[in-house]
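Next come two complexes built around chain A: one with chain B, the other with chain C.
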Partner chain A sequence: MADVILKPIGNFDLTVEAEDITPDNFAGKSADEIRKILIWQAPAQFPISDFFTVEGNGGSSAEDTTIIVDGNVPRVKRIGEKMTAGKIVIKGSAGMHVGSAMTGGEIIVEGDAESWAGMEMKGGSIHIKGNAKDHIGCAYRGSWKGMSGGRITIEGNAVNQIGGGLIGGEIIINGNVENFCGIRISGGLIVVKGNAFRTVGAEMTGGTIVVGGCIERFNPGFEMTAIESDLKFNDIECPGEYKKFAGDYAIPQKGKGILYVSCDNNECL
Partner chain B sequence: MVFKNIICPVCGGSCDDIQVELKDGKIDVQNACKMGNAKFQEVVSHHRILKPTIRENGKVKDVSWDEALEMAADILVNSKRPLFFLGSETSCEAQEVGLHMAEYLGGLADSNATICHGPTVMGIQESGMVGATAGQAKNRADMIVYWGVNALESMPRHMSKYGVFPRGYWTKRGRFDRTMVTVDPRVTPTAVASDLHLQLNPNSDYELLSALFTILNGREPHPSVEEITGIPISVMKQTVEMMKESNYVSIYVGLGVSSSYGKHRNIEIALNFVKEMNNYTKCNIGALRGHCNVAGFNQIASYLYGYPFGLDFGKGYPRYNPGEYTTVDVLREKDVDAAFVMSADLVNHIPADSAKYLAEIPMICLDIAPCPSTTAADVVLPGVIDAMECDGTFYRLDNVPVYFEPFTDSPFPETKSNEDTLKQLFAKIKAKKEA
Partner chain C sequence: MAGTIAIKNGYVYDPLNEINGEIMDIFIKDGKVVTELSGADMKDVKEIDAKGKTVMPGGVDSHSHVAGAKVNVGRMMRPEDHYKFYQKRTPLTHSGCGYSVPSVYLGGYEYSKMGYTTVFEAAVPPMEARHTHEEMRSTPMLDMGGYLVLGNNWFLMRYLKEGDVDKAAAYISWMMKTHKTYGIKCVNPGGVENWGWGENVSALDQANIHFEVTPEEMIKSLAELNEKLGIPMPVHLHANNLGHPGCWEITRDSLKIPKNVKTKPNTDVEWAETKRNAKRHESVYLTHCQFNAFGGTSWRDFESGVKGITDYVNSNDHVVMDSGCVPFGDATVMTGDGPAIHDLYVLTGHKWSNTDVECECGSGVLPFEYLKSNPVHSSQWAMGLEVLLYVTDAWKSIMTTDSPNGGPFIKYPQVIAWLMSNKARQDTFAECHKWAQDRTGLGGETREMTLNEIAILTRANPARTIGMSYRKGTLGIGADGDVAIYNIDPKKLEVNDYESIIRGFENAAYTIKAGEVVSQMGEIVAIPEKNTFYTDIATDADDEKRMLEDVKKWFKYYTLGFNNYPTPEKYLANPTPIQVNAEK
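Moving on to the complex of A and B:
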């Protein structure tokens, strides 16, 4: 494994779009060549060395390349976009669109992630150790199909529209979510271990959502079908008793979406 | 001389029957509402901006048009990422020049929809819309729903011109042929005037629409929805039945739907509900747009660049992502370094953090009267009043283009219209950039 270490040095007065920071792009390049890769800031392109110090050469292939971003980069967008293999470790917070449309490999964000992480991702994994914002694993504006494969794990909380339009893959959130978690999903799995505020699974036509905490405002288009206990989805375990709902009957489909809600935390439902 | 059939440049209603008489420095206006009359008085107002100004070492001074345009061009050319806020109180023609400038400089272009009916436009993009012209609704609709809008006060002539009172071809008895429903958390004058008022809890529009949709699909909504929305399920069922039994339902949505929690998701489910309702009766939906040409920017930006608002030209081609490239967000994130604000008092209408940053960066403001934005601006260009002093095009609330003609001339020999001012500025920018 070859490690390329990028240390942010500043010049982030305007946000930077760095879709070229991927193991695919760094593989087979020396540190000098990596320094010269151009990334976007507003309507101009500048070499990576204007924003980061670069240490270490890329590996022979994307699989062999690990990129370590050694610092906070909340104003650097699109790191790891469309990556197919290899690993990126961000030792701080990441900007928007981290790992969007990725098809393989691994991204670890040790701080927080901005909105749109893993947008329409097809494979690989993203592990966010802090909190995440909106639209994680979501569909692009106007598209109805979001993430289709891979796994996103969020240790902290996420905000709105998590996994919108999900058609496959898994999103696991250890903390809480707010509005429209799993809106319009037709496949895949979303597990929220904490609480959700409202409209969980709105307009869902397939897929599975599990909420371990309390849903403050339940979506009206769901009907309870059974009570199940100790759910297991491959390696993901959800202990306890769950009320199983089918829906969303607010849209003219057959209610094939499944929503599990913890019995203990939602006695009123 | 009396001028007839003048277009009113205030709200999205774009009333086309205003009569004005301009005599001895006074203007007499007939047919306009209070808001319209006030705007027509601007043409003879003493507080009109009549001279370009620039701010030099913190002090504001009058300059010639040429000096002001030079300084404006310098600011924009030297900016790495300028924001063009092309307000809605001017013509599509002026907005078009602004859009081209944003593309040329690789900046961002946005308009009032971003802080107004932007979510409605996003919802339409997600779901598609069953629309109708205002005239069609006037002649056919026998059930009117005002959802999250107080039409009597925000668009005073809507109810009398298109919505509730006019005698249409199939609604010959006017108000007596129509059932009027208002959905609003507040008891507004519109709600008082309606036959049924659904007084829902604030920010529960999505749940109410979702429950109505569930009922329409023949299912029973979850009982918790009564507590969430504050509306009994029996009343929801009655509303759906009323709609199904009508010949033509016209739903008008306001910011109560598109800017309460849920935003474009509220609009999206409303549009889907309307689509489904068309299995039972004719039903259409439309937004009551706030400004005279707020729909126009969405129209021309869509047909020129493919997206309705919040466009980023950073990479040379248009990109769109509300929340990332929209005015409030780029200002909050300090992601622009200069701004051009036309025909909109932006400083007054955005969150404090964004307004603070906007006041810090170099700003050019084109407006007709002093406002917080012109006070914070580094260059102020006097505006020409569209529909009074120059001709052009507005898009009405139902996206019908309305061509307007002036009844007087621009007070400035240097410019004929805002479009003309922008073209002069663009020529200077091009000359500087290519030099």
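Moving on to the complex of A and C:
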């Protein structure tokens, strides 16, 4: 396993679009070649070495390549976009679109992640140890086909539109979410261990959402069908009692979505 | 020398001149096809060696949604259509994006790469004419024009109710000039108007709510008015009940209505030399037949109703139609038929948009994806091809995808491959839902079209149908020097290798517009001048005056002032009026 260490040195006054920072792209390249890879900043392209110091060579293949971003890069977007294998560790906070459309491999963000992490990802895993913002695992604007495979784990909180348009894969959030979690999903699984504010599962036509905390404003288009306890989805366990709802009946495609809500934290439902 | 070129030794297909793959030279001087070039001209002329290549007139699309308000709504509501399909700018070309609804620049370039030089916008709502012209003006590479949507127009319905044909005729000719449009489009007559009350029409004899005019009367009157005015193209009909199982019957019955209307296209133009009669003799041009040919009674017993229509077309000579093929994949459904879009929304639950164009018409837009795994979509794929393959005389049909309704126009090469190669069709059958095989007759159809027939379907007949063959769709002497040269050697063509057909038509070896090479193997090499066609119909001054009094009086209900209603010529790139002589 070869490690390439990128240490940010600044020049991020305009955000940088770094879709070329992937194990696929670094594999088979020496540190010197990696330094010369061009990335976009606004309308112009600059070598990676303008923004990072680079140490270590890429591995022989994407699987053999680990990229370690040693610092905070909240203004560097698209790290790991479309990666197929290998590993990226961001030792601080990540910018927007980290791991979007990735199909394999692993990304670990030790700090926070900006919006759009794992947008339309198809496989692999993203582990965010801090908080995340909006549109995690979501569909691109206008599209209703979001993440279709793989897993995103968020240790902290996330904000709006988490898993929008999800068609497959899993999103696990240990903290809270706010609005429109799981809007328009047609497949996959979203587990929110904390609370949600409102519009959970709005217009969902399939898939499963579990909320372990309280939904402050519950969506009107759902119908309770049963009470189940100690849910288990492969290796994901959700202990406790849950009210099981079907929906969303507010749209013409009478929903086949399933929404589990903790009994203890939602007594009023 | 600009606009002068010699194309040597190609296999030429010019169906209007009954030239079917003969090895010939084509000469163009100052943008027009000529018999030969003088020695002086030949000395420094650009010469293209088309040996082993297919030479056809530039492609003509007589029905495509490429400009205007609803097209732009399609762009605005579909950011997801853009981000994976884009093109960077070059020193010559603009950047652009959009797969099913490309930006104007990209749309022009993509058409040109396929060898197309002329495209007509399928539906121009009168109040949106200015917007449509702004977009057409900005669409490079193509000569253009648009059809005015009149099938649910309040003035026309009122005049028809009152039986005042003269005023109705004056209104149409005034509207064509005012909005710089080319022909009459009739969308779901009566139904779109009823949609204002949340209703539709389901039968040809069902009177509409306020004006009490039936679809049958609208179709008949518009066809008669069309001929009375001498408009170059037939009435362009989008039949009632579109997109509903069982709609093929109402479509066939609609086609019967103008059977006895005598055609009298009457334009003051100079005609290019053609062996065949280049004038149309049809009184109705049905559009996107596939969407109008649904059989069965519900989505459960849905089946193809194409044969019912093509049988009628085969035994009658007053109908020409385009196909509305479905090449699978992403599409954006956009039409003046507002209620049809609502029905699709109820069916799919997808995002949608609907507009009521005050006093005039309506429209709707909805993103759509045709899936090979879906039984109905698979049947629609087969039906679009049935439409073209079942019509024995290619001069009665035109190949379209009703772009972007059935699929984007960039899929035309794929459609051509299915028409030319039974193997291509069989291979697709193997990939798609069995309904395509079970609910349509395409599986038993072994016809494989020739390059000559493809030339009819994609240039000669669209041009002839809309009355543009005086200069388009042919390489006769005097025609526009618009030529497409494809890397297809007819002598070596092996239709089982249909990928080579797709490759050949995808990127023309050369697209020549008015004698200038404008694109070459998928690369735009020049941005030519473009023309915008519209009909200038002579009318009786008295009738026009009486009619205008009505219009002005009613205009207080419009949201724009009467003086702002017309589209001035400055909105058109090289405005090219076509003088039309109405019957006195």
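Descriptive notes on the structure:
Convention: the second predicted complex is superposed on the first by the 269 of 269 C-alpha atoms of A that agree within 3 Å, B and C clash if a C-alpha of one lies under 4 Å from a C-alpha of the other, contacts with A are read in each partner's own complex, and residues count from 1 in each chain.
Here is the rule we use: a residue touches a chain if its C-beta (ideal position, glycine included) is under 8 Å from a C-beta of that chain, and two chains touch if they have at least 3 such contacts.
Being a predicted model, the structure only gives us computed values, none of them experimental.
Considered on the superposed chain A, chain B and chain C are sterically incompatible, since they clash. Of the two partner chains placed around the shared chain by superposition, chain C is the only one that A:T205 touches, whereas chain B remains out of contact. Looking at the shared chain after the overlay, A:A250 reaches chain B, while chain C stays out of its contact range. In the superposed model, A:M1 makes contact with neither chain B nor chain C. Among chain B and chain C, the chain that touches a larger number of residues in chain A is B.
Look at A:G221: by the touch rule set out above, it reaches chain B but stays clear of chain C.
In the superposed model, A:G142 makes contact with both chain B and chain C.
Shared-chain residue A:W40: touches chain B; no touch with chain C. In the superposition on chain A, the residues of chain A touched by chain B in one structure and by chain C in the other are 141-142, 144, 203, 251-252.
Within the complex formed with chain B, the residues of chain A that make contact are 13-15, 17, 40-44, 75, 96, 115-116, 134-135, 141-142, 144, 179-180, 183, 198-199, 202-203, 217-223, 248-252, 268-269. Considering their complex, residues 80-81, 105-107, 122, 125-126, 204, 206-207, 210-211, 213-214, 217, 219-222, 224-225, 228, 261-262, 265, 269, 272, 276, 313-316, 320-324, 333-337 of chain B touch chain A. The part of chain C that touches chain A in the complex is made up of residues 77-81, 83, 345-351.
Against chain C, in their complex, chain A makes its touches with residues 139-144, 203, 205, 251-253.
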